[in-house]
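Next come two complexes, and both contain chain A; in the first it sits with chain B, in the second with chain C.
Coming up: the complex of A and B.
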C-alpha cells in the first residue's frame, strides 16, 4: 500500500526522470539559449495546464478510478463562466456558478461509480459526452468564447510574476505540493491509496469507500476547473472544441508515463511532475529546433515507447506485480 | 373627323394604352424568381456549427431562406470527418435541390462531391475546396492571405529591426494552412532583409499557439513579427506576447472571418497589429447569391463551375471603423 517504490528498486518514475535528464542534456548541447532561466520557466509554463489536469487524473487513478470527463467539465464550466461574463454578469456570480457546475459533475460521476457501480472508465466517458452535450445545448452556444475586454485584467495577471515565476507555474507546483502532502499525510489521502490497492480490504477495515470515491471525483472536477481558469488567463478564451481533441489522452499519458499504475494504488504525485516535465522538455526543445509537426510526433512517440520498453525490461511483469484490472 | 369617330379613336387609344400599361406592369422577372426558390431544400454541412464562421454563414443563409420561403437543412458533424461523410451521404439520398458543404481538407469529400453531381444535385463548396470542382466555390484565396500577411510583416520588419519573423501555422495537412505558408515563404524569399526563424503548426489551437510563441520568444527575444493563421488560435499567440511583456514590440499579423469579438476587438486592444478579414458577412451574401443563381439557372450539376473568392479587408487600428467587423446578431437581422 506504499505510494513510492520499494527501496533499491528502479521504478518507472526514476527511468522517466533519467530519460528527461538525458533529453534535457542533448537539447542543451544542441540548442543555444536552451539553458537560460527564462526558457526553463517557459518550458514548465507550457505544460502547467497539462500538469494540473494530470494531478486531478492521478488522484482518481490512484483510487482505482479514472476521470475521462475532466476536459469536458473543464471546458463547459469555463465556457459557461465566459458566456455569463459576456452577458454582463459579475465574476462573483459567474465563478461560483462554474464551481457549482464542476462540483455537480464530480458528484454525479462519484454516484455513478460508487453507488450505481458502473466501471469508472465507462461512467466518466459517458459523463464527459453528457456534460459536453448538455453544455452545448443549454449553456454555451459557441465553441469559442472570448474573455470580454472588461475582464482583460484577468489575462494581464498572467504577465505579473509573483515570486519571480509565472502564475501557471506557481499554480502547478503549488497544487502538486498540496496533493503530495495530502496523499501522504492526510487520513483521506492514505484512504485513497488503500482503496486503489484493494477496495475490498479497505472497506473491511472501515474506509468509507463509496463516499471517498465521490470526494475523489469532486476533487478531480475542481482541479480541472482550476486548469481551465489558468488556460483562460493564458489565451483569453476557451474553445470547447478541445473536448474532441486528444487532451484527455495526453493527461493520462503524463500520469501513466511517470509510473502511476492504471490499476490504482501505485505511484505518487512526483510521478506526474516527472512525466509532465519530460513532455515539457520535449515540446520546448523540438519547437526550438523548429522540427515539423510530424517529426515532433514521431520523436515523441519513439521516446515514450522507449520508456515503456525500458520499464518492462527492468521490471518484468510477473504474477506478483500484475494486478487484476491492470490495463 | 366627326365627333363619333373621335370618341371611338379616343376610346381605342385609351383601351390600347391601358392594355399596354397592364403589359408593362406584368413583371417578367419577379414571379419566376420567387417560384424558382419557393419550397426548395438546401442542405448545409459545415465542419462544425458553433464557431463564428459557420454561425455567420448560417445566420445569413437562414435570413434569405425565411424571406424567400425555402428551407435550409443543417447537419452538424461537430468536427468529425466521418460524421460529415455520413451527413452528406444521407443528404444525397434525400435529394435536396442544392448542397452547401464546408470541406475539412482537399480530399475527404471529393467522391461525395462527384456523387452529388451524378445525382443531379448542385454543390457549393465553402472556405476550402476539394480537387473536384463543383458548381461554386466561395471562400478566400488562401495563398493571397499568406502573401498579404507576410507583406504586412515585411513592411514593419525592415531596416532598423532584427528582420526576424516567426510563423504560427494552422494544421500541417490542411490545404488552407499549406497555401498560406507557401504565400508567406514566397514573399519572404523576395525580401532578403526578412528571415523566418521558426515555423510551427499550432493545429488551430490557442493553447498550442501560446506554447509555441512563448518558446520562440525565449529563443528570439529580438523577434520582430509573427504571422498567425487564424484569429481564434492567435488569441493564444497574443497571450504569449503579452506574457513575455512584448506587447506593442512584436508585430502580430493574422487573419480571420472578421467577427467583432475575434477580430476588431483584438485590433483595438493592440493584440493584433494587422488583421486581414475575409468578412463572413460578405461571404454569407456570396453564398446567398450563389444559391439564388444556381436554383434559377437549373443547369446540369457541375456543368458550369465558378468561384467567388472572398475580397480581403485589411484592418489596423488606424483604419478601423465601427462597421469593419460584424456580429452574429447583425448578420441575423440584416445580413446575408
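Coming up: the complex of A and C.
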C-alpha cells in the first residue's frame, strides 16, 4: 500500500476484502450462531496469533526476504521460558532470556542472509530446523510445557476485555498499527521497501542494506516471540510440536493472500489484516460446519495456491526480478 | 519484383492499451541489410520482436516469404528462418561454444568429441575464429556475438535480426562485425539491425527505416539519407549537430583538488592508475569497454562488491579514504550515477517522489518521513530536470528511458554531493533528454561541484569536458585539454 500501488486501481487487498465480506455473508446465512457476539469474538481471537506472526513475516517479505524460522524460534523461546518458570525462576529472568534467544536467532538469520549471502528461504529454513533441534536437545525436554500454577493469572489476563476487545485482538491490532506507521513514516521502513524493490539500487543509493536485513530478521523473531506469549496466554502451555505442523504455511498464506508480493516491495500491513480476516472467517466457518482437520487443510492449501497464482498474475516476474532471483 | 522475405502490413502492438507500434508497414527483401533507427521508445525493439515471434502483434498481418504467419514463439519463427540476436546474449555461459551451438538440437545420444568436431568444421566454414571448446563465459562480447550468429546460421536462418549489435563492441570488433554482416549477405541471408549509431547505418545498410513514437516515418535506400536527414526524421525537428557542438571556447579553471587517486590497482581490471579531479570542472573520462574506467569509478565510490584493494590510495579533499560500501561514499558526498539504471539505478515500484526522497533518506535524512517534504522535493526536481510524466504518482518503470535517467540523476543530486560520477549518462536516452542532461552536468560544474563524466561516445566527451582523461587497459594513460584534443587524438590514445 505505502509501497506505491497506483491509485484508483483495484488491488489484491480490495479483492480479498470483498471475498471476505461475501464469505462472511454466506456463513452467516448457512450457519446458526455464526453471527453471535460470542462466536465473532472467538473467531477474531483465534486468528490474532496468526495475524501477529503474519506481521513479522510481512516485514521480511517486503524486504525481499522470508522468515521460515519464525514458528521454531517462537516455540523454543517460549518453551524455554516456561521450563525456567517451572524450575522456579522469576519472570524477570525467564522473559529477558527468551527475548535474548529470539534476538540471537534473528541476528544469525540476518548474518546468513546479508553477509554469507544465502538465499533467505534456505537460510531461514535451515535456521528453523537448527533452532528446533538445538532447543529440544539442550533447553526443553518435553513437547508440552505448561504455564506453572503460580503464573496462571497471566492466562486469566486473556479473559479481561479492555475496550471490550480480547487482549490478543488488541495486541494484533496494536502491532499492525505500529508496523504500518513504522513502514510508512520511519526512514528504516522506507529502506525496507527500497530493498524489496531493488536491492542493488538500494545499495548504490546508500541504504545500509546489510544492517537493515539483520534488523528485519530481529524484528520478525521478536514479533514471533510476542505471538508465542499471546498463544501461551490463550492455552496456558506451549507445544513444541507446532513446529512440524502447517502453521508457518498458514502465516505465509495470510501474508500473500492480502497482496504482499513474494518478489518484495509490494503490499503493506493492511494486506496482512485483510488476509487474516478472510482466513479467520474461513477457519471458523469450516470448524462450525464440522469439516475435518484434513479437509480444512486441503481448502487452506488451495487458497494458498490461488493467492500465489494471483500474485504472479498481478505482479508478473519481469526480467529484472528474474535476474536477481525472487525471495 | 521479388517476393519480400518479410512483409508486415498494418501491424499494431499495444501494451496495456498503450500502442508501442501503430499500424506499421515494413518489408525486408531477401539478402538485404536493413537498418532500423529511432529514438528510445520509438518501437524498434517491439517491431523486431514481433517478426521474431517474441511477442505477438495486436493486429495486422505478417507474411514470411509470402506465407501468412502468426508466430507464437521464437522457435516457430526460427522454423520459418527468422532468428534474433538480443543485446543480452542468450548463450549458456557455463557451456562450451560447441555445446551452445547445438543446444536444443542435440540427438538423443551425443558424443562430446563428435559435437566438437562438427562445431569446429562449421565455424571454420564461416571463417569464425572461435575455439569450440572455449567456455562461453570466458569469451569477449564480440566472440559471443559470433557464436550467436553461427547458431542462427546453423539453424538455417534466412533473416537475422540484431538488437543494438555494436553497442558493446570496440571499434576493432565493430569492423569485424560489419565484415561478417556483409559475408552473411553474400550467402543470401537478410540482416535487420537496430542501432543508435547513425554513421553505422549509413555505412553498411542497403535500406534504412526510421520509426518515431511507434509510427513509421520513412523507409528508403540508404543513399537517399545523410546524417542530418536521419536525425530530423528521428526527432521530428532539426537539431543538425547543435547537440554536439563544443560550447564555444569556454573552459572552466580548476578549483580545489577534490579527488586524487594514486597507483590504484584491482585485479586485472584496474592497473596502477593515477589521476586527479578538481572542483568546478567537468572531467571527461574516455575509454573503450574493458579499459577499467567503470571499475575505477566504482572503487572510488565503494560500489564494487568485494573490492579487494590490490594497492593504491584514494584521497578525498586530501584525506585518505577507503570506501567498502556506497553508503560511506554517499555520506562523504561522493555519488556514482550508474550506467545500468534498470539493474542498480531506480526503484521501479516507487513513484518519482518516493525515488528522490529515498536518495535523501539514505544520505543522513531525517528518521521520520514527511510526505509533504517528499512531494515538495519531487516538484522542485521535476521542474529543474523537466521530467515528463502523466501524473505525480506514476511509477518510474512507466517512464521513458530519458526520464528514468533523469530520476536516477536527481536521486543522487538530492544527496548534496561534492563529487558526482556519471557513468554513461546518456546511454539509451533520447536526443531531447541528452541535451538536457548535458546542460545539467555543465551547470553542476558551474555551481562548483567536481563532475566526472565517463563515456565511450567521443562527441559527448569532447562537448562536455574541461579536461579529458583517456583510459586504456586499466589505467589513465593520457590527458588532454579541450583545445588540443581532437577526436582522432583521443581515439588514438584509447586504442594504442
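As a working rule, the second predicted complex is superposed on the first by the 288 of 327 C-alpha atoms of A that agree within 3 Å, B and C clash if a C-alpha of one lies under 4 Å from a C-alpha of the other, contacts with A are read in each partner's own complex, and residues count from 1 in each chain.
Everything that follows uses one rule, which is that a contact is a pair of C-beta atoms (placed from the backbone, for glycine too) under 8 Å apart; a residue touches a chain by one contact, two chains touch by 3 or more.
These figures come from a predicted structure and were not determined experimentally.
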Aligned on chain A, chain B and chain C: do they clash or fit? fit
For A:46, using the defined touch cut-off, is the partner it touches chain B, chain C, both, or neither? Pick first, second, both or neither. first
Have a look at where A:284 lands relative to chain B and chain C in the superposition and call it first, second, both or neither. first
Under the stated touch criterion, name the partner, chain B or chain C, that contacts more residues in chain A. B
Can A:159 be said to touch chain B (first), chain C (second), both, or neither? first
After lining up the shared chain so the two structures overlap, which partner does A:239 touch, if you call chain B first and chain C second: first, second, both or neither? first
Taking the superposition on A as described, I'd like to know which of chain B and chain C A:149 touches: first, second, both or neither. first
Contact-wise, after the overlay, does A:73 reach chain B, chain C, both or neither (first, second, both, neither)? neither
Report for A:293: first if it touches chain B alone, second if chain C alone, otherwise both or neither. first
Report, in whole Å, the shortest distance between any C-alpha atom of chain B and any C-alpha atom of chain C after the two complexes are superposed. 37
What part of chain A is shared between its chain B contacts and its chain C contacts? none
Going by the contact rule set out above, which residues of chain A touch chain B in the complex? 31, 33, 36, 38-39, 42-43, 45-47, 49, 136, 141-144, 146, 149, 152, 155-156, 158-159, 166, 231, 234-237, 239-242, 244-245, 283-284, 287-288, 290, 292-294
Which residues of chain B touch chain A in the complex? 48, 50-52, 55, 78-80, 172, 197-201, 203, 205-207, 209-212, 214-219, 232, 235-236, 238-240, 242-245, 261-262, 265, 269
Chain C to chain A touching residues, read off their complex: 303, 325-327, 329-331, 336, 338, 342-351, 354, 357-359, 361-363, 365-369, 393, 395, 411-412, 415
If you look only at chain A, which of its residues touch chain C in the complex? 3-4, 6-7, 184-191, 193-194, 197-198, 200-208, 265-266, 320, 323
